[in-house]
Amino acid sequence: MAYKDEQLSEEKVFKDPVHRYVHVRDRVIWDLIGTPEFQRLRRITQLGTTSITFHGAEHSRFNHSLGVYEIVRRIIWNFKDQAYWNPEQRLLCLCAALLHDLGHGPFSHSFEKVFKLDHEHFTQQIILGDTEIHKILEKVRTGFSQDVADVIGKTYADKLVVSLISSQIDADRMDYLQRDAYYTGVSYGHFDMERILRVMRPMEDQVVIKSTGMHAVEDYIMSRYQMYWQVYFHPVSRSAEVILTKTFQRAKYLYEQNYPFKLEPLHFISFFNGKVNLKDYLKLDEAIVYYYFQLWQEEEDAILRDLCERFLNRRLFKYIEFNPNQMMDVWMELHALFRAVEIDPDYYLVVDSSSDLPYDFYRPGEEEERLPIHLLMPNQELKELSRQSDIVEAISGKKRTDHKLYFPLDVLEQKKDVPEVKRILAILAG
Amino acid sequence: MAYKDEQLSEEKVFKDPVHRYVHVRDRVIWDLIGTPEFQRLRRITQLGTTSITFHGAEHSRFNHSLGVYEIVRRIIWNFKDQAYWNPEQRLLCLCAALLHDLGHGPFSHSFEKVFKLDHEHFTQQIILGDTEIHKILEKVRTGFSQDVADVIGKTYADKLVVSLISSQIDADRMDYLQRDAYYTGVSYGHFDMERILRVMRPMEDQVVIKSTGMHAVEDYIMSRYQMYWQVYFHPVSRSAEVILTKTFQRAKYLYEQNYPFKLEPLHFISFFNGKVNLKDYLKLDEAIVYYYFQLWQEEEDAILRDLCERFLNRRLFKYIEFNPNQMMDVWMELHALFRAVEIDPDYYLVVDSSSDLPYDFYRPGEEEERLPIHLLMPNQELKELSRQSDIVEAISGKKRTDHKLYFPLDVLEQKKDVPEVKRILAILAG
Amino acid sequence: MAYKDEQLSEEKVFKDPVHRYVHVRDRVIWDLIGTPEFQRLRRITQLGTTSITFHGAEHSRFNHSLGVYEIVRRIIWNFKDQAYWNPEQRLLCLCAALLHDLGHGPFSHSFEKVFKLDHEHFTQQIILGDTEIHKILEKVRTGFSQDVADVIGKTYADKLVVSLISSQIDADRMDYLQRDAYYTGVSYGHFDMERILRVMRPMEDQVVIKSTGMHAVEDYIMSRYQMYWQVYFHPVSRSAEVILTKTFQRAKYLYEQNYPFKLEPLHFISFFNGKVNLKDYLKLDEAIVYYYFQLWQEEEDAILRDLCERFLNRRLFKYIEFNPNQMMDVWMELHALFRAVEIDPDYYLVVDSSSDLPYDFYRPGEEEERLPIHLLMPNQELKELSRQSDIVEAISGKKRTDHKLYFPLDVLEQKKDVPEVKRILAILAG
Amino acid sequence: MAYKDEQLSEEKVFKDPVHRYVHVRDRVIWDLIGTPEFQRLRRITQLGTTSITFHGAEHSRFNHSLGVYEIVRRIIWNFKDQAYWNPEQRLLCLCAALLHDLGHGPFSHSFEKVFKLDHEHFTQQIILGDTEIHKILEKVRTGFSQDVADVIGKTYADKLVVSLISSQIDADRMDYLQRDAYYTGVSYGHFDMERILRVMRPMEDQVVIKSTGMHAVEDYIMSRYQMYWQVYFHPVSRSAEVILTKTFQRAKYLYEQNYPFKLEPLHFISFFNGKVNLKDYLKLDEAIVYYYFQLWQEEEDAILRDLCERFLNRRLFKYIEFNPNQMMDVWMELHALFRAVEIDPDYYLVVDSSSDLPYDFYRPGEEEERLPIHLLMPNQELKELSRQSDIVEAISGKKRTDHKLYFPLDVLEQKKDVPEVKRILAILAG
């Protein structure tokens, strides 16, 4: 039997708290899960600094990746009798679902920002480069790894396949909303996925939703909205992320200044000098980051030491609402005052902005085009979701942004008798 | 106001997926949570290698410790109108609950076995030594840290207080059963804790259970039984633990042989030579272990390299049922055959035995005395649980042991044409 | 001890699937629950014909009433340290919560419509009339029953007390949304009530919500929206309700025509002739209605017989979208065609309209004034919810209406060769 | 297409709170659900007087019957690739599952006891008699109704089919344990059904369980044990059942004495004189019983009136532990004392005994033979469950019985100065 059709002698099941069980029958999937590149995802958390605020949410990307795979497996199972569905697409979808987050590094958000990297780029590299993942995919058939990479990169010709993995109602989002809700323990994030899966219909170039399932989709979109604002953008987690980002930035700066680290930061050097190769990238996981942060707590450099200590021991920055665009003069004044009292504002006076667009209809030609969700009406017409749903219409296309200013209140309070600090504290108190 | 009575200006709540919310009002508790020693528990997982099998269970001891604290807080809240309860005991109980697991190291079970350490010893040291935890406890009152240490060490004079933290139905067990069930996703581990808390009554030297709650306690004991055999003793997780143990053992052996490590294993040296001090101990968390395992994957020593690679990439040993006590000759033969084909049996032929005693009545004088659970009958008499419950009676005092033999089937299969290996495989196939 | 302060020797707990436990300590509450008038609510379902569609939802108003009581009990418990809260109000709130639905009759909606009754009127009568409920309330203090009636009737002077029982975020709504979601099994209806209860604050004339809880309130309002459209207004349940209404209407009509019923409908006579007294009202529950429907299945009158048989055996009317206001001519034509083929359109061609206003800000002077939800901002200001929440703003004040036309497709299909019926079917098929 | 193979144009789904969705594709199943005989089950509660204690448990046998059907549907779905499974058996299993409780009358337990009826007999009659159910089954093929009746009656030749519906781990039990737990809200009753379904294997004459699923089965058996003693045998519900039984008994007695009922109890006459026919039986549901109880509250006969009033308004009997077999003389004395004070002991001094055998191995030749649960070992041997499971072994074959004596404490207390009543109260107080 061809490798691509090989079935395990007995189905493997993973106990999963969100989907109850994850089922694996294909040898290819089983082999992919067993690779070092996929097992590495156990050492990369799904939510990074969110667990600083929501202590329950310590789950890894390994956990989530299995979940996305399982959702796609169930979607496809429901498709088996549908027109427009070609069983040949099955294994490709499953592999793309399983591997879509493969390139995530430790604390992706901060990491990518400081080192100007993109996890999607590394996902492609792992799939196409000299890895066990690549070998397995090529065993399916020559060129299969490129197809998987293209699906994940959204450049694959068959847009139906792409839409299962990346759209405004894809398996990725459906998994993470439920999973992150489960692990944080919040009451948002619940929607009737079983119903959504049952009303999904494959069409020529996209998955659409039977209109009878519209309310379940509304519920999903509202869940997403609440999860973004209640969990993902929680201001305390963002404080930890600000500190993390500034730590990476400081370490990079010190390296560039030829600062003599007590132990050479071997794992980071290629990141510092912008010449990252795949092998270096794969070595870096969150355990490694924690190792260096522990060492750096004892470095000479006061800023690096302080930031690491803050991150590890949760001595976070405080915050206020602050939109620098609207208050440029205050911003300038604060900057100057921080400099005056020798608290480096590049590290200790930080604006963080989060924004989200909960749902959007199609705006061709714009950057980051988003494919809208289409409803399949009883008369077989397609209608864009926001035209049918009052609630979705109400939030559609409305980007919401939140700006916060982060600063170390503890440090300021220690110097509260210094006139400049007094002034700073007065400004920050509004 | 005295520090011990200081309340936060506003109650802090942690969202907890198991208890919904963890509530903190006491300044002392809030300060303890903020210490580096307590934050370190975020980097120690609750279940170690269990997440190899149950991928959902990646939660930390930080997570669990807050849960135990919350359960004790609720128990005490219910006690407020009870005779035998003295509100002075409150803060002591809360601190002991929060801190009871403070001394756990990375992958405790394996770690303690190889390095002959005991986490309870380190819990005591952290509470009594030169730490932030200690300073906070002594601010409550001189000698308070010793009291907390004594409660956790079960030597405190007030046995009622001890029994809340350590007994056969204590807050620790009630939290971990539910929490581990939640994170693994198994259907065991559920029992009606709200009811148990409501029927708990403080007595002079122990907490007892009103007899109307007996069935809830039965359910708790059955949950415990199922969690042990279905989750904690899962043979695949134990395979990972065998490999972990053998890795630590190999590294120690190499160090003793003056093996030249590529990078000196600084974090481990005091463990290797048996001279661990508190500062070294606190530096060691699971991130550090993962760091070394990654390095050691590239060591010269084939055994160390192989074991690390197996652990990180989940290439586990296979197993069969095997009780060496009953099959000493087979055991000897296997040992000899492994030696003959140069697969070191000290690392690659490992018996692991797990045993559990789900509940026991009082057996005075025996090692590991266990306090029985007492029911408070309507006539105010106390009766030991197993005398009232048929189910508990049925399993009471019955220790169950499971022996498994672990070995690297992959290695053997590569050499399956070697006569000795053939013989090994025949024996292992039963 | 005064009756109003009397506590049960031991707290009574009811196991409740939604709130886990309902706790009763007050003798007054326990006595009220034990009255025949309150026990009668066991024989009145909460959702009437909804269980035709959602078979799980067979729960009674007894069930819900205990739930509302429990929520108010918890709210008040949280209030105990708040300014603006006067413990004297406690028992009044608890009684009003428990008794607020006391006057519901069988299948309230249809029943009240046909017989022009109002359950709130009967709630008042039961509380103030010659009943066991009344006696117990007057034992608390003379005039207490009037206070309870006034709170439920929203005419009580203390608006804070009223707002706990009747407002846009009252205990009644919070219970039924969760309870109906639980029993139907739908995934809507969940929101973080524990959080809402914790952020509720009593003010002089209303309960307000701390602004940090805004998202939980948004979630509650979205739940309400989804429950209305997915559950309460489900078109198939409405079909059963149309049939029920028409059955009552037919029986009344026949009575007025001196139709000779096989068994005199004693329980209904005072309803038919509009002279209902409290004693008759209390005798009527859903069991009685079912008894008559069973008898009427064997009546001579073909319409009464058919409607009863349809209701009991779930042979429902079919429906199409149909707004008679916009299609008056089609409506007239259908009417004439039904008459022509001797299918009485008064019973067999029925428009049902459902509409809901999910949330509204204050519109003084309008009919059915609704008190808005106010947020308590950090600076102690009050802000109306829709000014702070984008989502609520989006749906605020927007009434949505759904019109459906119901008809017996089975009957039409039996006559499908009759030209007029052909024409009817063509119109109905759109 | 043959009727037996006819599929609905679109799958129908019922939202079910326990199994999430119940799926119907077969026209035959859909038609059976639509019959008056099946819809009648909406008016028969699953747990009768249990809702007196657990107010949440008001669900009907309709609700449960759909659940059993759904479980069998899922079992069979899992069987599709198994040896020993013949798809021809499918529809037979589904029909038997759906219809297995069809013959239940109102408050079955009491009703059957007083009128010496057996619901299984009526299930057979409904399936084989002149009913819509019968017509539909015979449309499948002549004789099919007899096969369905035989499966339910356990006389069908194919024991594999029988074992799905009736065994110690059948779909009936799996549904009611979970459903009754859900509706009561108790924490017992949960087990991993999904896992049990996955490890079920059809064999020649029974369904067996793969040994890897043993712990899930243990959990199921413990759930069953707890549900029996915590829910089904709750002493307060049994008090209501004693009253119910005595009411039926009194009404029958009065009828036999030619007592002049105010309204002739038409629905009951054939039950009173032991000549029940199918048509009468089908007319009797719980609504009808409630109707008569309401009327009888106003009867002349003091006992009938009192018992009805007690049942409707929940004025229950109190109880003590009392085993009449061991205390015959006390029992005789109480009887005589009750007679002396003119409280008829036939109605007001009642012993009720409940007993359960949680699991039993095979005891051939005994009355009520029970088929044991067999585990399928890795070597394909079958082993009886209690030989493999310590816990099951511990409770296997052990019948537990509970005796309680019920009496109207309120009546006795009103006469507490009468010497005989004093003596009674002294005896009852132990």
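Labels for the chains are A, B, C and D, by order of writing; each one numbers its residues from 1.
Quick note on the criterion: a contact is a pair of C-beta atoms (placed from the backbone, for glycine too) under 8 Å apart; a residue touches a chain by one contact, two chains touch by 3 or more.
Labels paired with UniProt names: A, B, C, D = HD domain-containing protein.
All values derive from a computational prediction rather than experimental measurement.
**Student:** State the pair with the higher C-beta contact count; candidates are A-D and C-D.
**Tutor:** C-D
**Student:** I'd like to verify one number: the distance from the centre of subunit C to the centre of subunit D, where each centre is the average of its C-alpha atoms, in whole angstrom.
**Tutor:** Roughly 32 Å, centre to centre.
**Student:** So how far apart, in whole Å, are subunit A and subunit D when each is placed at the average of its C-alpha atoms?
**Tutor:** Measuring from centre to centre gives 52 Å for this pair.
**Student:** Cα centroid separation between subunit B and subunit D, in whole Å?
**Tutor:** Going by mean C-alpha positions, subunit B sits 44 Å from subunit D.
**Student:** What residues in subunit D touch two or more of the other chains?
**Tutor:** In subunit D, 20, 186 touch at least two other chains.
**Student:** Once you draw an edge for every pair of touching chains, what topology comes out, line, ring, star, complete or other?
**Tutor:** Graph shape, chains as nodes and touching pairs as edges: complete.
**Student:** Give the list of subunit A residues in touch with subunit B in this complex.
**Tutor:** Touch list, subunit A to subunit B: 14-18, 20, 34-36, 39, 42-43, 51, 54-56, 58-60, 62-63, 66, 182-186, 283, 285-291, 294, 312-315.
**Student:** So in the complex, the part of subunit A that touches subunit C is made up of which residues?
**Tutor:** 186-188, 190-192, 195, 215-216, 218-219, 222, 225-226, 229-230, 390-391, 394-395, 398, 400
**Student:** Which residues, counting only subunit D, touch subunit A once they are in their complex?
**Tutor:** Spelled out, the residues of subunit D in touch with subunit A are 13, 20-21, 194, 198.
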